[in-house]
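We call the chains A, B, C, D, E and F, going by the order they appear; numbering starts again at 1 in every chain.
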Amino acid sequence: MPDDKTALVISAHSADFVWRGGGAIALHRAMGYAVTVVCLSYGERGESAKLWKQDGMTLEKVKTARRTEAENAAAELGVTDIRFFDVGDYPLDLGPDTRDRMVDVIREVQPRWMMTHSKWDPYNTDHMNTMRFTLDCRMVAQAWGHNPGQKVLGAPQLYLFEPHQTEQMGWTPDVFLDITEVWDRKWAAIQCMQGQEHLWSYYRNVAENRANHLRRNSGGQAGGRAAKYAEGFQTVFPRTVDALE
Amino acid sequence: MPDDKTALVISAHSADFVWRGGGAIALHRAMGYAVTVVCLSYGERGESAKLWKQDGMTLEKVKTARRTEAENAAAELGVTDIRFFDVGDYPLDLGPDTRDRMVDVIREVQPRWMMTHSKWDPYNTDHMNTMRFTLDCRMVAQAWGHNPGQKVLGAPQLYLFEPHQTEQMGWTPDVFLDITEVWDRKWAAIQCMQGQEHLWSYYRNVAENRANHLRRNSGGQAGGRAAKYAEGFQTVFPRTVDALE
Amino acid sequence: MPDDKTALVISAHSADFVWRGGGAIALHRAMGYAVTVVCLSYGERGESAKLWKQDGMTLEKVKTARRTEAENAAAELGVTDIRFFDVGDYPLDLGPDTRDRMVDVIREVQPRWMMTHSKWDPYNTDHMNTMRFTLDCRMVAQAWGHNPGQKVLGAPQLYLFEPHQTEQMGWTPDVFLDITEVWDRKWAAIQCMQGQEHLWSYYRNVAENRANHLRRNSGGQAGGRAAKYAEGFQTVFPRTVDALE
Amino acid sequence: MPDDKTALVISAHSADFVWRGGGAIALHRAMGYAVTVVCLSYGERGESAKLWKQDGMTLEKVKTARRTEAENAAAELGVTDIRFFDVGDYPLDLGPDTRDRMVDVIREVQPRWMMTHSKWDPYNTDHMNTMRFTLDCRMVAQAWGHNPGQKVLGAPQLYLFEPHQTEQMGWTPDVFLDITEVWDRKWAAIQCMQGQEHLWSYYRNVAENRANHLRRNSGGQAGGRAAKYAEGFQTVFPRTVDALE
Amino acid sequence: MPDDKTALVISAHSADFVWRGGGAIALHRAMGYAVTVVCLSYGERGESAKLWKQDGMTLEKVKTARRTEAENAAAELGVTDIRFFDVGDYPLDLGPDTRDRMVDVIREVQPRWMMTHSKWDPYNTDHMNTMRFTLDCRMVAQAWGHNPGQKVLGAPQLYLFEPHQTEQMGWTPDVFLDITEVWDRKWAAIQCMQGQEHLWSYYRNVAENRANHLRRNSGGQAGGRAAKYAEGFQTVFPRTVDALE
Amino acid sequence: MPDDKTALVISAHSADFVWRGGGAIALHRAMGYAVTVVCLSYGERGESAKLWKQDGMTLEKVKTARRTEAENAAAELGVTDIRFFDVGDYPLDLGPDTRDRMVDVIREVQPRWMMTHSKWDPYNTDHMNTMRFTLDCRMVAQAWGHNPGQKVLGAPQLYLFEPHQTEQMGWTPDVFLDITEVWDRKWAAIQCMQGQEHLWSYYRNVAENRANHLRRNSGGQAGGRAAKYAEGFQTVFPRTVDALE
């Protein structure tokens, strides 16, 4: 494992990283990690219904508004490195140019771990396409013959953050992360998402209930942890360890 | 998580814990864990073909021979607490008495982690029945109303060790454990299994190839670990963590 | 489909029907359904930790307390037919006697639909055993040669209500039921469960978030329903219809 | 749910809608639904073997013949709105232009339900690509920022009609529709497919056997429906309901 | 592989072997195989609705009638060795006595291949219990220490024959067997099942449609076989071969 | 099935056919099959780390070196028809031109069986993309309207050879092929892969352990075959047979 504390979050639309991984981001920032967030799009067409219902709205206005929201949310989470690829949404343009750009970021960041969307999402193919795209980019970043001379990527874990309607996505969390100490930051970040206020309480409920799962899996009534808020993740690759726990 | 360094391995037949989890056992013994091994049977009917091909063999002779092998193997792994339930094999008797006995052991040991067989095994239903049986016992051991006054079990992880013909069993490892430093002990333990010599090189190959997987998943040619021998395990329950890695 | 409005809910422990199907029960009671609830056990050993932590507790006291809670909850839901099989828990005794007793109830009730636990639950094997038991009983109840002369069962749908930690159970809801109008009743029933207060807000969060899913699947921002509380269910058998919807 | 009785069927090749969903189409036409059928291709290269075995055949002749068959079949089913995208087959061209065109149709039709191919088909990747394409189009049609001003799509169910060799496709029907009253129309439509006469009796057998399944699932010998012909469908999204049935 | 041409079919109820494997049985009888059929029950309670609807019916009368039908069907298929275990149905008694009895039969027959029910069947748990029971028995029959001195079993393939409603059972055929030349025998055997006349045409349709699949998978319009009737099977174990085909 | 003894192996990178299918290739060559190997790329960027670590390395040098290795390995296996598509790797260019080229090869070869990569591979998306690409090409090659006049393809089996880390790929072998008699050739071919020496012993271990599986599945201690080396494959399509074995 690399010594540097680095992480990379790849978000299909500009708000995804907040709902789904905001706690993990804030927590690792608090632990001194450099966390880079890439928003492939602003979610300007598909996830900005509230803005589009206003008179005189344009694509640029929506993008600007969504970008500002995402920047504010990132600031609340302590993120100083957020990048907007602006490749369009519904659908995303994930062609060769976007891939090369992402591979460059991966190699620059050399993340200890990566995070993105679930493998399947029949409601939102941008999400599942981003997961496949991330696998493509991780593979290319590991290739010694791609831009020889650059530092190649090792084998960082890829965490899949929580999708909406988890069961429909075939997503199963195998890690619960205690985010109690940074919940205030995540809640503040969530409230930056003015365009999707209908989701605020939804993701607070999620955080509370994932904490219930965390307590249960750490011992329950016979000594479980006292977490109040948690996030769940699904890993893609096996872990390599020196001891079982 | 409990502070005590304890672990419990539940083996359907007397040799299973050696092939499948011998490295993990030896490694945790070396780290100071108290590791309890329960052999539900000696594998006396189903996994002792070589003995039965000898003249004048009886069930008791087979059981004695297999028990001695298992005790020797346990000693090589550093295990001082091995228990033989002697419930018969092909099939195992996993009725209420066996369950109560196992629950008592679980509560006595209070394992930080548990280990047993895979969920599915069409070749050997003893194996999959043991997995289901272990879930039953873990559940009962957690019940405050079962033998009130005894200390109830927390929520230890259940590791499923490597079955023969992994793909047919639907078993997928999500943890690779580096057992390089204790390989000599596992190899010595394996060689105690005189009745199944045809499996020695098989499991050495497995250990070498799992180390390849461990190297690959820890960085590969870009910085992976130098493990020479490894074991793989599948977890049943989610992990609860303070940080992603 | 039968003309009579009847339903049967099979609950492994005395509180399960409340958390998981209380809304469906109250709603159908309000629509004039006769809803029969069978509690196989009181959850006296495995799901009464709070009671067992009190001094001088006995199995009978726990069972009495849990039964009272369940009766109170049933009353809040409008249920007048709740039956306690008292077969013990952790594990349940689901042998031939219990089966025959349940088949008699099924044939007596002639349910238009049935409801029980999920197919898989590694935390709580009582739950998954109840699901398999229910399939057994449904099959026997359909047999013309079982107690000839009794009215045989048709082919009622079997709904699997929501387990704790849905993703770990491989449970996927394919029906969302709007329970907004009976939420007050479910909430009152939940509060009857004095022994498991730690689950109250958990299941309120579930109800709120399932309503979000219901809104999304009925049209979302383009005309979805205004449900505030919902329950999800997984069906076991195909539906038979006269039109698609 | 929208009040308008509308439906949209997306067929990879010009005959698919007949074999797989002809009964549903005719039935809903008889109930007053406006049913739009889009044939992405004529199946001119991949599903017209009989024609290509004739001397002097050309691509245009095949397309004309297949179009005529499809139009005749549509007429038998009562369909007045059939559209041919003519994007080629084996493989289909499902690029951005085709997608935009389909999104326009979806928004124009505002279907109460949609219907297309199965998720997996190793024999015919056109089929599974069409399913993924349909998910893409449904998503874009729901986006408020795609062609702002157009009416956005709600959340119609997506039915997957029956593939050839269902088990190889991982397709599992969860709805059986009684098409007895319109069977004559479906049979007439099937007979329009002069190029694939070898499939006529195959799909009659399917309809008869699906009726057996419908009878079984609606009560069997204890009161099942008397359907003689049926079609099966797999749903992609959960249903939202006011009552269980 | 053993040289002897032997096969063993394990049928939960007395008619199952006819609908599901009658073609394979007749074909291998015609090839000189000794085929043993074991009917665990007569299906007297659960699969004899037509008989039970008659006045004055008793369990013994039903069993006698069903046995006669099965014997007649077996004779049509050329089977001279059919055995009735008479362990009751709905549910079957598959306890230790039944298991020992079956193991004795397996060792006596030394089948080159075995055949039984699918792994999952939510409609009919007798079927899936028989599959698990067969795995248990196969395992015990292979054990050198079970009744030492008897000839132990090798590793025969286990074929799972076609269940009713294949998709609901998660059954996927990976072998299609051409039964055209013995179809007359299977059809004659089917017609022996006077109690289940409603299934005759159903299984004729199945045989015709499986032949379509066989033709398609052997080359289709580019040289496929001319089979008119076929049966499908799912294998449990990998094949061992000298060449790919 | 075609009479000609022909086979086609589609390898994403130039070494894949050696590790994964070298035994099958050599064995069928020895049986007189004409085996064509297509290497889509040289693995020049992604699978040539050792070369890229040398000073002054260029893409052309890597490609030349890898090509030479592959040609040498092919010669050891007895292959005289190896073709290099040189479409680049990490990622492969699998667009329309590559597809048309591959379809031409398929039709030219008219393979009795085909072989390629597994369906899923999160480490190496080139591998899974090749599997999907192969399905596309097989489909087009079967189309009577694609390049009319060419001989269309029948329905050859598609074997998926063994990926690295089988369980992570969801790959399950259902055929074990005895390659003992050609092991020397495969081992010689493996040693041609100078750039990936770290994989030599890995794949020897695989071959030895697959032979263990072959022995077990052909009878084990009760008469299994004496294979020392084997390869495993997963089939995509059902087999069509005249007898069960």
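Heads up, the rule we're going with is that a residue touches a chain if its C-beta (ideal position, glycine included) is under 8 Å from a C-beta of that chain, and two chains touch if they have at least 3 such contacts.
Because the structure is predicted, anything quoted here is derived from the model rather than measured.
**Q** Treat each pair of touching chains as one step and give the shortest count from subunit C to subunit E.
**A** 1
**Q** Between subunit A and subunit C, which partner chains are common?
**A** Correct list: B, D.
**Q** In steps of 5 degrees, what rotation angle do you get fitting subunit A onto subunit D on the CA atoms?
**A** Resulting rotation angle: about 120 degrees.
**Q** Given that subunit A and subunit F are copies and touch, would you call their interface same or different according to whether over half of its residue numbers are shared?
**A** Under half of the interface numbering overlaps between copies: different.
**Q** Sharing over half of the contact pairs with C-E by residue number is what counts; pick that pair out of B-C, D-E or A-C.
**A** Copy of the C-E interface among the listed pairs: B-C.
**Q** Taking the mean of the C-alpha atoms as each chain's centre, how many Å separate subunit B from subunit F?
**A** 36
**Q** Can you check how far apart subunit C and subunit F are, centre to centre, with Cα atoms defining each centre and the answer in Å?
**A** 52
**Q** Mind pulling the subunit C residues that touch 2 or more other chains?
**A** 49, 123, 142, 144, 168, 173, 213, 216, 221, 237-238
**Q** Between which chains is there touch?
**A** All touching pairs, sorted by chain label, are A-B, A-C, A-D, A-F, B-C, B-E, B-F, C-D, C-E, D-E, D-F, E-F.
**Q** Residue numbers of subunit F touching subunit A in their complex, please.
**A** 44-46, 48-49, 52-53, 57, 59, 62, 89-91, 122-126, 168
**Q** Along subunit F, where are the residues that touch subunit E in the complex?
**A** 1-2, 7, 24, 27-28, 31, 112-113, 142, 144, 152-155, 157, 159, 173-178, 213-214, 216-225, 232-233, 235, 237-245
**Q** Please output the residues of subunit F touching subunit D within their complex, sorted ascending.
**A** Result: residues 99, 132, 135-136, 139-140, 142-146, 148, 158, 236-238 of subunit F touch subunit D.
**Q** For subunit A, which residues are in contact with subunit C within the complex?
**A** So the residues of subunit A touching subunit C come out as 49-50, 123, 164-168, 171-173, 198-199, 201-202, 205-206, 208-209, 212-213, 216, 221.
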